[in-house]
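By letter and in written order, the chains are A, B and C; residue numbering begins at 1 in each of them.
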Amino acid sequence: MSTPLKLHEDRLFPAEPGIRALACELYADVADLPIISPHGHTDPAWFAHDEPFGNATELLLHPDHYVFRMLYSQGIALEDLGIGGGGADPRAAWRIFAENYHLFRATPSRMWLDWVFAEAFGIEVRLDAGTADLYFDTITEKLQQDDFRPRALFDRYGIEVLATTESPLDPLDHHRAIRGSGWGGRVITAYRPDPVVDPEFEGFADNLRAFGDLTGEDTLSWPGYLAAHRQRREYFAAMGATSTDHGHPTAATANLSDADAAALFERVKHGGASAADAELFRAQMLTEMAAMSVDDGLVMQIHPGSFRNHNHQLFAGFGRDMGADIPTRTDYVQALKPLLDRFGNEVGLSIILFTLDESAYARELAPLAGHYPCLKLGPAWWFHDSPEGMRRFRQMTTETAGFYNTVGFNDDTRAFLSIPARHDVARRVDCGFLAQLVAEHRIEDWEAAEVARDLAYTLAKRAYRL
Amino acid sequence: MSTPLKLHEDRLFPAEPGIRALACELYADVADLPIISPHGHTDPAWFAHDEPFGNATELLLHPDHYVFRMLYSQGIALEDLGIGGGGADPRAAWRIFAENYHLFRATPSRMWLDWVFAEAFGIEVRLDAGTADLYFDTITEKLQQDDFRPRALFDRYGIEVLATTESPLDPLDHHRAIRGSGWGGRVITAYRPDPVVDPEFEGFADNLRAFGDLTGEDTLSWPGYLAAHRQRREYFAAMGATSTDHGHPTAATANLSDADAAALFERVKHGGASAADAELFRAQMLTEMAAMSVDDGLVMQIHPGSFRNHNHQLFAGFGRDMGADIPTRTDYVQALKPLLDRFGNEVGLSIILFTLDESAYARELAPLAGHYPCLKLGPAWWFHDSPEGMRRFRQMTTETAGFYNTVGFNDDTRAFLSIPARHDVARRVDCGFLAQLVAEHRIEDWEAAEVARDLAYTLAKRAYRL
Amino acid sequence: MSTPLKLHEDRLFPAEPGIRALACELYADVADLPIISPHGHTDPAWFAHDEPFGNATELLLHPDHYVFRMLYSQGIALEDLGIGGGGADPRAAWRIFAENYHLFRATPSRMWLDWVFAEAFGIEVRLDAGTADLYFDTITEKLQQDDFRPRALFDRYGIEVLATTESPLDPLDHHRAIRGSGWGGRVITAYRPDPVVDPEFEGFADNLRAFGDLTGEDTLSWPGYLAAHRQRREYFAAMGATSTDHGHPTAATANLSDADAAALFERVKHGGASAADAELFRAQMLTEMAAMSVDDGLVMQIHPGSFRNHNHQLFAGFGRDMGADIPTRTDYVQALKPLLDRFGNEVGLSIILFTLDESAYARELAPLAGHYPCLKLGPAWWFHDSPEGMRRFRQMTTETAGFYNTVGFNDDTRAFLSIPARHDVARRVDCGFLAQLVAEHRIEDWEAAEVARDLAYTLAKRAYRL
């Protein structure tokens, strides 16, 4: 007995009829705006080669740590899902997922996936044990069709621009191929230097050497190391990049003298740095990156506060990105001060701050962004990229930072097929929030309409200089 | 001029008529489910002896620190309430309470008490100065009737199972008496070893000696001490226990070598441990308790983050549990790592985490429970066991941990008469939350109905292995 | 094309019609109650001299750091607004403000200003680039009329009492003048000793000397310094003060022996104190101030947790209060313990706690205020003095502290013209909150009406002993 799958047209709007009517009206005006995806983790190879995606499990289950972390939390072995090699049958893995789909009730994964099932694949029954095979077969078959290839989906989805994220060590071959292909889709890169900036990153010392090989700079000297960054940033910009991205454990910044910075670099460059030196080096590098951004105009994104690979057994067995990154309390006020003391009043500099610690929204982030010209607030991130999370973001930042110190939506995803679903959730939640403001006579309806378009489209373009 | 007391049948449901109708429907289906009370602080002597309770003041005022802390905060002396001996007239104390009942507006105490007044005692006017004596007399009289004895109330309340909480030093005579009495009520114990685990607990060194006397183990040696725990856990399990409970100032865990743990035990066992050693010993003991749980299957509960006896004058004069325990900021991500590094992936282990620091819900607890197989989230606790507190719990945990990494409701109370009121509040608030999800088309109505039953009944049974 | 400006009579009430109707009814009863303004930063010179205010820019833009911080955050130079001298044309500055008024959508500044525009000045079109001159001219003209002078506005606004805030070094000439003027308005002072209590305050050592000159006490000795405080407190009380106010970076308190306190004073009195000594001195002084309050009955206000002058370039160029104060995480449980250990149970002592860290509301502040007789909670403060901020305050404090451990509303403002707007927002939001409680059958309608009046009027009078 399968149950029907149908996305309700009023989903995510507040239930009170007056507010809902306002939300619907606001949403109608932004629902079909092009998608600006200024930060995410899709694979540029998809768009370079335009090969068909694999089967349902490879596409929707294996790469999605939101999904398999929930299954794992309920005692399902990753091996049984075919994660980490092992060779579990994709159909068997899919069945496990289907049988446990109730675990996702009221999670954003459920909303995104249902959209993919219904809208992208046209499936009309809900996923459960009884429909697992139907799903697996339908999805896997459709993926072989030309109109499910990456470029076709990109075009069908109305994506105006899509940014991927690469390491400085990446040769950007795929991006070069995309640009040389004659295809009109705008896929750009972003500069994410963690592998050569974080002394605790796996293989840091080797990465530094590779950084030198790639750039021809003496990356084992402090000036050469900085020069290599400048060179790669320039190359990334030539491959379309308008931003950098920094995924640090904390938001710490530092402003050492050049001599102290050089001495610190000497201590960390061979690997095995002390925790304090590693933290200080990352901190100093945020300020160095800001200095370069003042020069080259790349927008800086800081994504701090994730305790990566918290589950050490899983990390040993399966590596990074296994759903075991856990947010931590994150300070911004003390942490950012060294950088802000130096560059906080640079009107040309733009730094977009993210957080996994919602207690910082109203206390620290909105007051900082509502004052410093260089600071803007990124949208609700990761675990908070959800209807309740987005509402809290607006409720806790708007009164101090306004709408215009925020930057629209990031889908921040590798799950390419769900990108429209994610933007749609953000647009619906924002329209619901604005509708409530109108209903409570806190803004006018025409203002809400203007803000709705700004949040859905304009602000992201402007903030990321796209 | 007394005002009528009438519990509205729609109380606590969202006011929007569409959501309310959905909530009513969901609630109708769970309102009369049996009560699972897997964690609380009722006195097993009540059920062993089945003696009548005393008067209104002794039953409802003296043991309820929620109630007298509020009166105290407004300048009413505890002595005037007859707390801490002193011998104030119970009726006079009750009158003070009645005159100040307005202080409790919009607090959960008020809701619980009104339920007890209206439903348990059938009183039809509100408590105030003018009705104080009517209340005192009505309640005190009824308490002498057979149908107000503990076992009769237990049966009338539809309690399927009720757990109390005892120290390892407790001989469990009452529990043995209950089990031998022929009465069908299921009252079980839970293992709360703080008095012999926390070096800062009053009389710790004496407690260790008593622990040895009781078990015949050499509890002044590390191996003997651990063996004593194992023995008592086994005995508690034989008296029905399915869980342990740990009320530590922080969630710190440690994973020392056996030699280091033994050396630490030597330093703390005679009392007078340094604060750092006391903290480390508690931390190590959480990991030891987890090890034992892996073996014996007892579910672990961790209730951290209360600064006990914050008011030192009150503690000196009146002792523990005087309403002066204050929550503190509580970290889980770093704190639990040593334990999780060792046992985090044990599918057979079950640890239920509680918090008094709501900022950890979305940031730390939901991400942890949404990943680690051994972790589940306990319900909103203590000061947060309230309509707003429960809503925040669901709003901040569901999107990341789902419903199925939570464990249903705990009443956690000593106020036996209000147990149904507390479960009723939880059921109403959860149904209201689910109704909103349905109204916003985030889950289907039939899913909400299933989840409502799980939250009200099934999850608690399953999580506590009842 | 200008758009009409009209304040909706239902603004800020919840949109659900049933709740809104209840809110309207509650509000109708409190809308016109006199204003109690027990804490704020208006200038007593206004009421002493009763001179007309200047032009629109001087009155509404220059002193309002909420306003110009938002403009600054979007890259507008303070110089262009005429802030910090520089001599920008007031009309040109106003035009910049008008062109950027959309930045304030959904902020409290927008609500307060629109009230001032519509209600105080009778303007009927919205502020934007096209109406900038109309606004500037209308406001500037009206300010020259007699009925826009400070005393006339005070009377028209129905202010029953208004407290300003002065340093102990202030001779209180204006207050003396007001009292001697024959005008009936009750304008009182409050004792804010930060300049002579905080060793990190600009000019601290000089301030101590001036403190001695003013009082005739030997303020470079510990006993003389304390005696000077006692003397000034007495004088402030004679000028109407019923409260003191303490704006410290943290809520730390200390309880040193007299010898240790005296030794600490020796270390800090010449300026250049270490950060630790400065913090300890402030901490000790909170306890000393509490001791004096036990004696003289002045209510203590503690406003902790602002990182002042975070933007050091701006501080160097423009000085204090430039919109660059940023909230920080604030602990209360450990911080207040030394003071509470000594005075926590003094029924005659009253300490009103504020926070910029909302995570402390439910976790620390409500539990503390719901227990200690000397503690009460101040209203949502500064960045949180806004509809969402006030709702969160009630949602997170009421269930544990009740309404009667809170103190009504503070406008805390220097923006005199907006004082009625601010009280009106608080009254509307509180009525909306109460209406929801009634609609959810958590309190009765007649209780809500009583509480609404208490929150709007009675509690502030009582808490501040006015």
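Criterion: a contact is a pair of C-beta atoms (placed from the backbone, for glycine too) under 8 Å apart; a residue touches a chain by one contact, two chains touch by 3 or more.
Just so it is clear, the model here is predicted, and its values are computed rather than measured.
> Working from the CA atoms, figure out how many degrees subunit A turns to land on subunit C, in steps of 5.
120
> Regarding the subunit B and subunit C pair, does the interface count as same (over half of residue numbers shared) or different (under half shared)?
Different: when the shared numbers are divided by all numbers used, the fraction is under half.
> Need the CA-centroid distance for the pair subunit B / subunit C, whole Å please.
A distance of 40 Å separates the two centres.
> Give the residues of subunit C touching no fewer than two other chains, as numbers and ranges.
Answer for subunit C, listing residues that touch two or more other chains: 16, 359.
> Across the complex, what residues on subunit A touch subunit C?
Residues 16, 18-19, 331, 333-334, 337, 340-341, 344-345, 347, 359, 362-364, 366-373, 375, 395-396, 398-405, 436-437, 439-444, 446-447, 450-451.
> For subunit C, which residues are in contact with subunit A within the complex?
3, 7-8, 10-17, 69-70, 72-75, 102-108, 111, 307, 310-314, 323-329, 356-359, 383-384, 386-389
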